[in-house]
Amino acid sequence: MNLSVNIGKLGLKNPVMTASGTFGYGEEYAEFVDLASLGAIVVKGLSLLPREGNPPPRIVETPAGMLNAIGLQNIGVESFIEEKLPFLRQFNVPVIANFFGDSVDEYVAAAERLSDVQGIDGLEMNISCPNKQAGWLVFGTDPEVTSEVVSAVRKVTGLPLIVKLSPNVTDIALMARVAEDAGADAVSLINTLSGMAIDIKTRRPKLANITGGLSGPAIKPIGIRMVWDVFRAVNIPIIGSGGIMDGDDAIEYMLAGAAAVAVGTANFVSPTATVDVLSGIKDYMTTNGIKDISSIKGGLIWEREDL
Amino acid sequence: MQPHVRPVPGQFYLLRASETLDPLLRRPFSILMWDDTHLEFLIRLKGRGTHLLRNMRVGDRIDVLGPLGNGYPDPLKDETPILVAGGVGIASVFPLLHAGTRLFYGAMNSAELYLLDDIKKLTGNIFICTDDGSKGFKGNAVERLIESLDDLAVAKPTIYACGPEGMIAALLKFLSERGIPGYISFEERMACGIGACLGCVIKTVQGYKRVCKEGPVFNVREIVC
Amino acid sequence: MNLSVNIGKLGLKNPVMTASGTFGYGEEYAEFVDLASLGAIVVKGLSLLPREGNPPPRIVETPAGMLNAIGLQNIGVESFIEEKLPFLRQFNVPVIANFFGDSVDEYVAAAERLSDVQGIDGLEMNISCPNKQAGWLVFGTDPEVTSEVVSAVRKVTGLPLIVKLSPNVTDIALMARVAEDAGADAVSLINTLSGMAIDIKTRRPKLANITGGLSGPAIKPIGIRMVWDVFRAVNIPIIGSGGIMDGDDAIEYMLAGAAAVAVGTANFVSPTATVDVLSGIKDYMTTNGIKDISSIKGGLIWEREDL
Amino acid sequence: MQPHVRPVPGQFYLLRASETLDPLLRRPFSILMWDDTHLEFLIRLKGRGTHLLRNMRVGDRIDVLGPLGNGYPDPLKDETPILVAGGVGIASVFPLLHAGTRLFYGAMNSAELYLLDDIKKLTGNIFICTDDGSKGFKGNAVERLIESLDDLAVAKPTIYACGPEGMIAALLKFLSERGIPGYISFEERMACGIGACLGCVIKTVQGYKRVCKEGPVFNVREIVC
């Protein structure tokens, strides 16, 4: 059974990755999961300087999902390299650094620094965050801004570059093409959908930040649709995420076009979710006589003339 | 049940009764009592998660993650621990009860005072209060503590407390005014329970800290109100 | 207790409406619900000529939600007027005709005909459907096309005109402003989110149409956020929908800014959902000493400088 | 339980065991037996909804909507009804069984043949078939019907059938070739069950019709394969 997949020039021993922000810096899950058994570990989103994040409450449960407004709290690129990376390097597993900035310059500076050290095997740019220079606008929703920031980062890194797309857009396929044209080696989708919940007793938002990102099984149908849209639009590999709870969900994403998958909210429901997803994928392969996991990528059978 | 890692007082577990995708997240509960093969919790019915737990029957499987968090530190040799609990917060401090421990225990009314018989078996030093006066002192546990503390004339009192927000706020104010040391167990919404999601933070003098990892018990000196 | 609300010049005795496509032509629910007790009945989307709709399967359950690809099957404007409207006119309840077209001309023709008869109290334009002239583009996702089609319909109808917005856009507030500027008396949101599900055994889409619209509790956080975004952007009333299952959900939408609410998928889970939502609203008002339902509209308490 | 509207054979009910938001939709099941205060169903475990139903215990509340749909029409005076069922499809035609009714009943294997004892109490004219030959004729119920129909020499045979897709397709082909009348109960995904959502349609000669309203039983002449 061949489980290995390639994300650009980065080879993974299997397609199960962790979704940024749901697996800490890896060490939090080390007592539940053999980290070396994973395809890759994507760490919590990093910024050049440490961030405090949003005030609590930061989390609300919603029907078959959850909203979070962590506010990108993180220890910053330097502390990550010094305090967290050495632990991760003990394991034979690719480490992908998810990162972001408030300006193009911050993106570039973080990418440069992260490309400079041993033990980081790939970069994932989170472009779902607000662009300070452009007011409320988000890097991931305006194609021109997306193109600018991805191109700028591409120039300063030789590492495999994954662009993580925002699903809060009219045309996700367009955004993926923009990322591809700007030099991305892969795209990752979907990030969380913008959502909100109100406490009707107090009349206040349930999140201190008012709005937050919706994740979990509730959003899976949207993730599957977007991966399928993107699969037909670009030639670079796709990392699929959004509500993956078990191996069957992962297979669904791969049939839609994902080369690999990222497990997010499921880690909170069960800390062994990543390895459970992996063994579910193997079960499916055995049952269906699949020898090479790559062979099912985009394997959806469909016929329609108008698409 | 398999033998389990033994908890320490003040730690908690994440429980999940649901087998479907809604409700999705686990629910945190303080460990009340335990032995080699049993864990006991005191659970107040609140919303959907606790109602599903209530509807479980003997023989049903429950998904248990824990023990989690730090738990209460031991008092120093010369310190006298005094426990303060509000309502279901008693679950958190209950494992700290020893023969003679002083406990200030308050609730809205007598129906929300739990485990009184078990408590009385362990100590006679109980100060019961209810907001409506339906049992014990009329008023809250912190008022009662403030009134009685000097009379108790204990050496180096150190507070161990868990209770609702209002009670904790009053307690923090009193302790800081009087410079009395203490440890309080806090509550915050949780997803992972193991320090990964950064969902459960509270403000401390060193910035946000995770209730599930650096807590749920915090030194009162750390807390920023 | 005053439950009445106004949608433009249309007065409703209470804020509970039915969501188009989930309540048939009203008659299907008459044995479960006293139709006269509802704020308004919005009927299944009508086109000038009858439509066959999509082949089955048309429905898939998803986590806390469902996908549908009915394909806008309907009996056409004329049959509606002749066969369905007389039944609805027996009840003392406003009837709102939801309608759509494949071209601006079809929208205009349907609106003209529907404005021409007694017993229709308002029109709701569904702009979430594909624009034949513009290929795959949807009327509700391109602001210029939206403006054109709404303006054209506005010219031919004197009835209260509600524009039902698509949530599959980057900036819902912008789309609402466009509708307002083009003459809409109210906006209705959210319609379903584009989604998809795959049968991993057969590798085929679970819907014959491949993609479908996601509705139900799963999407409520997205609906609440969008209503709140739109509330701060326009001056016309908002009809909130998306996952309303009970009175509390309806109150949540109203606190976010909705003047009225539409109950959709909940009707399938319980055929008395509409009246249950209404009694839940009354309970909330009693418990919280609210005399006039309009007083809670947009009553969210919040403070943030950057919004 | 309150007295209920009495169903007719071939009608169905929508059941919902879940009290949470997942699974969300009701599940359709044919009525098997009933009296003034009871409804009985035959439910095959399939996915999440049926598993939740299985886990219910005596005393639990279940949400029931029905009877729904049209049910089987009575045979004309001179017609001889012949029942054909596959697997759990027996539930749908079971209420049509009378003393002596002919029934062709097939399944993958003997484990998926249900209610045999109840059936035998009602009629001796049973033709059992299994795909693996583990009970009765080896082959499917339609093959058996094709082989036997002429030998039965009944006047104006009229088929009443319910079963899996493959069986129904073969049956439709045979009936149309031979011009034999029949009524078949169809299955399609449902949301509302009362004709409102247009989710459950199948193709007929008059366009799409709703399985929950114009069906689940359709005259074979209406169906477009």
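A few points about this structure:
Labels for the chains are A, B, C and D, by order of writing; each one numbers its residues from 1.
One rule holds for everything that comes next: contacts are C-beta pairs under 8 Å (C-beta built on N, C-alpha and C of every residue); 3 or more make two chains touch, one makes a residue touch a chain.
Because the structure is a prediction, the values reported are computed rather than measured.
Contacts with chain A and chain B are shared by C, D. Shared contact partners of chain A and chain C, listed by label: B, D. Averaging C-alpha coordinates per chain places the centre of chain B 57 Å away from that of chain D.
For this pair, chain A with chain D, the centres built from the Cα atoms lie 47 Å apart. In whole angstrom, the spacing between the mean C-alpha positions of chain C and chain D is 37.
The residues of chain B that reach two or more other chains are 21-23, listed in rising order. Residue numbers of chain A whose C-beta contacts span two or more other chains: 63-65, 216-217.
If touching chains are joined by edges, the resulting network of the protein chains shown connects every chain directly with every other.
Residues of chain A that touch chain D in their complex: 63-64, 217.
On the side of chain C, the complex with chain D involves touching residues 21-24, 28-29, 32, 44, 52-53, 55-61, 63-66, 68, 70, 73, 216-217, 245, 265, 267-271. Only residues 16, 21-26, 63, 65, 188-203, 207-208 of chain D touch chain C when the two sit together in their complex. By the touch criterion given at the top, residues 18, 20-23, 48, 52, 57 of chain B touch chain D in their complex. Taken together, the chain D residues at the contact with chain A in this complex read 21-22.
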